[in-house]
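Each of the next two complexes has subunit A plus one other chain: subunit B in the first, subunit C in the second.
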Partner chain A sequence: MSSPEPEMPKTYKTAKAFCLTSAGWFTMATSAGMIGAGYLIAPDFMANIEWIHFGRIRPIHVNINLFGFVTPGLLAAAFYFLPRLLRTELYSEKLGIVSCVLWNIYVFAGVVGIGLGYTQGREYAELAWPVDILVGISFGLVVFNLLMTVRQRKEPILYVSIWYACAAVLLTATTYCIGNVIWRPDTGALLGIPDAIILWFYGHNVFGLLLTPLGLAVAYYVLPLVSRSPLYSHTLSLIGFWSLLVVYTHIGTHHLLQVPVPTWLKVIAIVDSVAMVIPVMIFLINIWYTVKGKLGVIYADIAGKFIFTGTIMYFFVNIQGSIMSLPQVQRVTHFNNWVVAHAHLGVLGFAGMTALGGLYYILPKITGKPLYSRFLADLQYWFVLIGVVGFTIGLTIAGLIQGNAWINGEALYRVLPEIHIYYVARASTGLLVAIAAYLGLYNVIRTLFFNPGVSR
Partner chain B sequence: MYYPYFLAYMISGFVISLIVLIWALRNGQFKDQQRARFLPLEEGLETEPAKVSKIGKIEAYALIVLASLGLFGTAATLIFSLLKGG
Partner chain C sequence: MRMTPKVVVVGSLAILAAVVFVMVCWPYAKRDMTPSNIYRPRTPVEAAGRAIYLKNGCVYCHSQSIRTIDWGHGAERVAQAGDYVGDRPILLGSQRTGVDLSQEGGEHPDDWHIAHFVNPRYTRPNSIMPPFEWLGIKRLETLTQYIQSLGMKQADVRMERQRYWKQEAIKAYEAGPEANVKWLAEIVPEGWRNIPNPYPTTPASLQRGQVIYQQFCIGCHGPIGDGMGPAQPYIYPPPLNFTILKGREISGGIIYYQLMNGITGTAMPYFKRELESQKIWEVGDYVAVYFINQSDANKEPRGIDASWEP
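Entry: the complex of A and B
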């Protein structure tokens, strides 16, 4: 079944399309984030423009980040490495392009819909029912393309990145439909507490079963290549994969510990949240041992640099998640800006940085030319890193002030002036991330279409 | 009533995972793990490695310092939360 010379795909059109999708929506996501940050500093900022007031711009920002920037960025890398690791061609580039076009249509439709007020009003599940159907179809097409590529493989062994990438899209296709209650088009919701339970079951899994496995797939593929070292242990990586599947699926209720949901469900959520240390540390030990002693080499490569930093962020965001699930800790850290810091660390710090690393790894390979500007990519790296660290520090402090005030029974109007300065700090560091997104888009467009570099 | 949705999803997830696991076992996916470690390297080393630079090393050290500060901050947050929330 195996052959000594790999048969390489010829065009990488799908990977290119998802690269462009990710880089493009990253600019929109950060721009929306900046508008949202502006409202938190000055609530009457752009107050008369209905379609971008805070209640709409925030879900726009979140959905673009999730479905426009990070997921397509990671998928671009997946559409590149799957055929290579399987020694075959992508099952259908045409289908890949169709799925990417449909993907952009649903993100655009979702954004316009939320802007016009068509929202289901559930966190991470705001998109209207017709858009939900488009999301399901887009994921379905990606799942079909990837699984058919696996089916026609010439390499018998599935490398761990294949397991993670396929599981991510397959599980999310299912979880999305259930979490968005698509069998109820009129509301997209159940009634009462059960809806909160199913929403957070989906809300956490859309990160844990989409961004996490896709991010780990990219890291497991790129870091051994950049460091030129074999993976420390493939067996360990598979144990990590299966334990992630077992543990991650039931932890969403840790966002509802202060809500009247059944105690058994809270216990499962807490136990599994703490148990997340197992798959997380398996991945980190495995990948850090793989690159051990090669930090200089990693940092000499722009993709390695982004993705290695992503692994550090992954460590922190997961430690935070496990700690936050403890009821004693959550009394202070939940329902305030601490969670916002946690979310930025996970989505931008871990998954976003890994997606950017994946893009910068594959761009020279799929175009056959070097990256247009290494300097711009380096600049983007530092802007994003400073942005993420800035968000995390500022919002964590603001969150702790809010949590402390809540426990002390202080009135909201007394707390808001205390955290105002941290909102200013957040917007300032957010500006760096927004600039980074535009620099990245320019670099990607130049690399894809107007690259004077010598072909390899 | 959320139990039917939950149970249906959890059971179907469990059954599908079990089927895939059994397929993987029978298909030899857990054999030859030594070769599996090298799979990315077998097809991907077509370019020269990037040259290690002094700035790169400084950047790496800067990241380590940041990570250490992050660890300290996380520990401080945990202690603060336990003191206030416990």
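Entry: the complex of A and C
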């Protein structure tokens, strides 16, 4: 790890812009989530409003979270740590701002498009073709900016965070185009079963090649700094990086175990899903040994607290994922709220918490002043933590009720009243997350623009 | 290993290319696009209905993917790759907040679907589907055409059945209450007609029957059993007014049979998949006691008393 070089004047405009992007869309994402949760409790709530009924608010919620909140949050940190680790400036702050503006335009256009019914109807690949092009350009600009920064580096050694950050944006720019079948502007889809295969290849790689590597990059950067410990093992980070790329990319078909796709494809997906334990545990061993004995220091630092919690969630979500890929388990867990719980544990619990930690780590550095309110950030931490844990437990129970009832021959309709209370529990814990998002946005805006410079 | 920019970029792209080849390109090259035995192409109206389905995110709650382990709706036909050869995009779905729709075509007549879309709770009181009244009747009809095509050739067979029995049911309804009740009784097989309700009427059984009535029946037949539930304006022949059954020799067996099998062609669905035997008998007795005021529960012939009966 390179030592900080305070003499270099830096503006970090791009990092600031992505901070604001992330914090802003977090509020929109959770608000959309609350509307969706409301529909599941009381379907006549806000009845007959075309643009936000459940079939539209759900993809809106998902897309804002993936592309509006989590990815920009992690990118904000990347735009900060890349130049620092490389002892150079960002290649172009101007280009960075352009990419961030374009990024916001595509999220906005995508969301409004889904609200108006312009959707490709494929999970994680909903955005319409013109928006896909904008996504491609935005990712392309970020890739170019980061790689050019690497090129003009003054530090010869590339730290592990840089591998992950560069690979994440580079590979996702590619898989996004493949998964959205970008050469078919009319439907954005293939015909029949191959469409499901290509969709889930891409869909799972949104986590595997975007959120996870970016999240790990932030964790690898922040946790050693916060705990003031050198990284435990370079070898482990090497094996972890390459095994993640090899293993994670194979597992998308585990979404299709109960579908008539070729069996050999399912076998590969299951084997690699179980093998996910390797990259996951390698990362966790590496990072947990790095901070070993320093948990007090971690806990005292708001960024460290968020990100270390993220690593714990990373453990749970991945071990759960490996187990869920087993066909016998999936007989119960497929098609119900278990999967929704799993998705929230991953995207909010791991990637989202890591992104928030990244924001709180870089905000004081890029503004040169302490965080506007450490208390609000702490409150946000607890709200998100209680929210996501409560959420996960509640929906997992609901999923087990549904899955076991169905497999024993109970009609779906009969199970609806049984899970209603868990939908209420989900909305209640979700409300905590939504409140946390607004607290966070206020804190970020105050820190960036109206910061008296005294921590409270 | 020294991680230079070239190693990171070329290495990760090479891995991705290899995986895309194995996991995407190879299965695509080896794809089997032979239509299955039930496959048929969609009509233009059905395709337009599918576009509405897609646009409104129906896929987020309804799968179209029957598995070997499924019981209920559509379980008679496990999905085959050849069922999907006309689907772009494929709409397998990832969640069953609502039922799987692979074989939905012909399960209900069109009017049931219209009432259900206007407000799902009109026909299914426990449903958590949002209302789609805002789509307007024209688009709802188009959407219904798509839904009725799900199951393809098998759906066509069922739709043919729906149309035939709808004619019969309308004929009977329009012939007046006397003839209608006679028709409703006589379409029940002989053996069932003479069976009284084998469960005794008790306060507890009536209470259970009421719970079932409120979860399954109230949307069409209404809270007082006069057939004036909220779904009534959309349905023809309209839901039965139970009070006309009084004095017309309707046995518990007839009610049981009609609840169990439904009346194809009308909006009256079958409940044998969702309700166990005792629940059907007890909701039948609830209807008999409260709305017809004429119950044959626990009358002879009744065989050996069940060990728990009071």
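In this text, the second predicted complex is superposed on the first by the 444 of 456 C-alpha atoms of A that agree within 3 Å, B and C clash if a C-alpha of one lies under 4 Å from a C-alpha of the other, contacts with A are read in each partner's own complex, and residues count from 1 in each chain.
One rule holds in what follows: contacts are C-beta pairs under 8 Å (C-beta built on N, C-alpha and C of every residue); 3 or more make two chains touch, one makes a residue touch a chain.
Note that the structure is predicted; figures quoted are calculated from it, not measured.
On the shared subunit subunit A, the superposed partners subunit B and subunit C overlap sterically.
In the superposed model, A:Phe201 makes contact with both subunit B and subunit C. Using the contact criterion defined above for the overlaid structures, shared-chain residue A:Val339 touches subunit C, although it does not reach subunit B. Once chain A of one complex is fitted onto chain A of the other, the partner contacts of A:Leu147 are limited to subunit C, with no touch recorded for subunit B. By the touch criterion defined above, A:Gly409 reaches subunit C but does not reach subunit B. By the touch criterion defined above, A:Ser233 reaches subunit B but does not reach subunit C. Contacts of A:Val259 after superposition: subunit C is touched, whereas subunit B is not reached.
By the touch criterion defined above, A:Phe316 lies against subunit B but remains apart from subunit C after alignment on the C-alpha atoms of chain A.
Contacts of A:Glu418 after superposition on the shared chain: neither subunit B nor subunit C is touched.
By the touch criterion defined above, A:Trp242 lies against subunit B and subunit C together after alignment on the C-alpha atoms of chain A.
When both complexes are aligned on chain A by C-alpha atoms, subunit A residues 158, 160, 171, 174, 178, 190, 194, 197-198, 201, 238, 242, 245, 249-250, 331, 407 touch subunit B in the first and subunit C in the second. Those residues of subunit A that touch subunit C in the complex are listed here as 39-40, 43-44, 47-50, 53-56, 58-59, 117, 119-123, 147, 150-151, 158, 160, 162-163, 166-167, 170-171, 174-175, 178, 187-199, 201, 209, 238, 242, 245-246, 249-250, 252-253, 255-256, 258-262, 265, 268, 331, 334-336, 339-340, 402, 406-407, 409, 411-414, 416-417, 420.
Residue ranges of subunit A in contact with subunit B, taken from their complex: 6, 81, 84-85, 87, 155-161, 171, 174, 178, 190, 194, 197-198, 201, 220-221, 224-226, 228, 230-235, 238, 242, 245, 249-250, 295-301, 304-305, 308-309, 312, 315-316, 319-320, 323, 327-333, 338, 364, 385, 389, 392-393, 396, 400, 403-404, 407, 456. On the subunit C side of its complex with subunit A, the touching residues are 1, 3-5, 8-9, 11-13, 15-16, 19-20, 22-24, 27-28, 30-31, 33, 54-61, 63, 65, 67-73, 79-81, 84-99, 119-121, 124, 126-134, 215, 273-274.
The touching residues of subunit B, counted against subunit A in their complex, run 1-2, 5-6, 9-10, 13, 17, 21, 24, 27-30, 32-45, 47, 49-53, 56-57, 59-60, 63, 66-67, 70, 73-74, 77-78, 80-82, 84-86.
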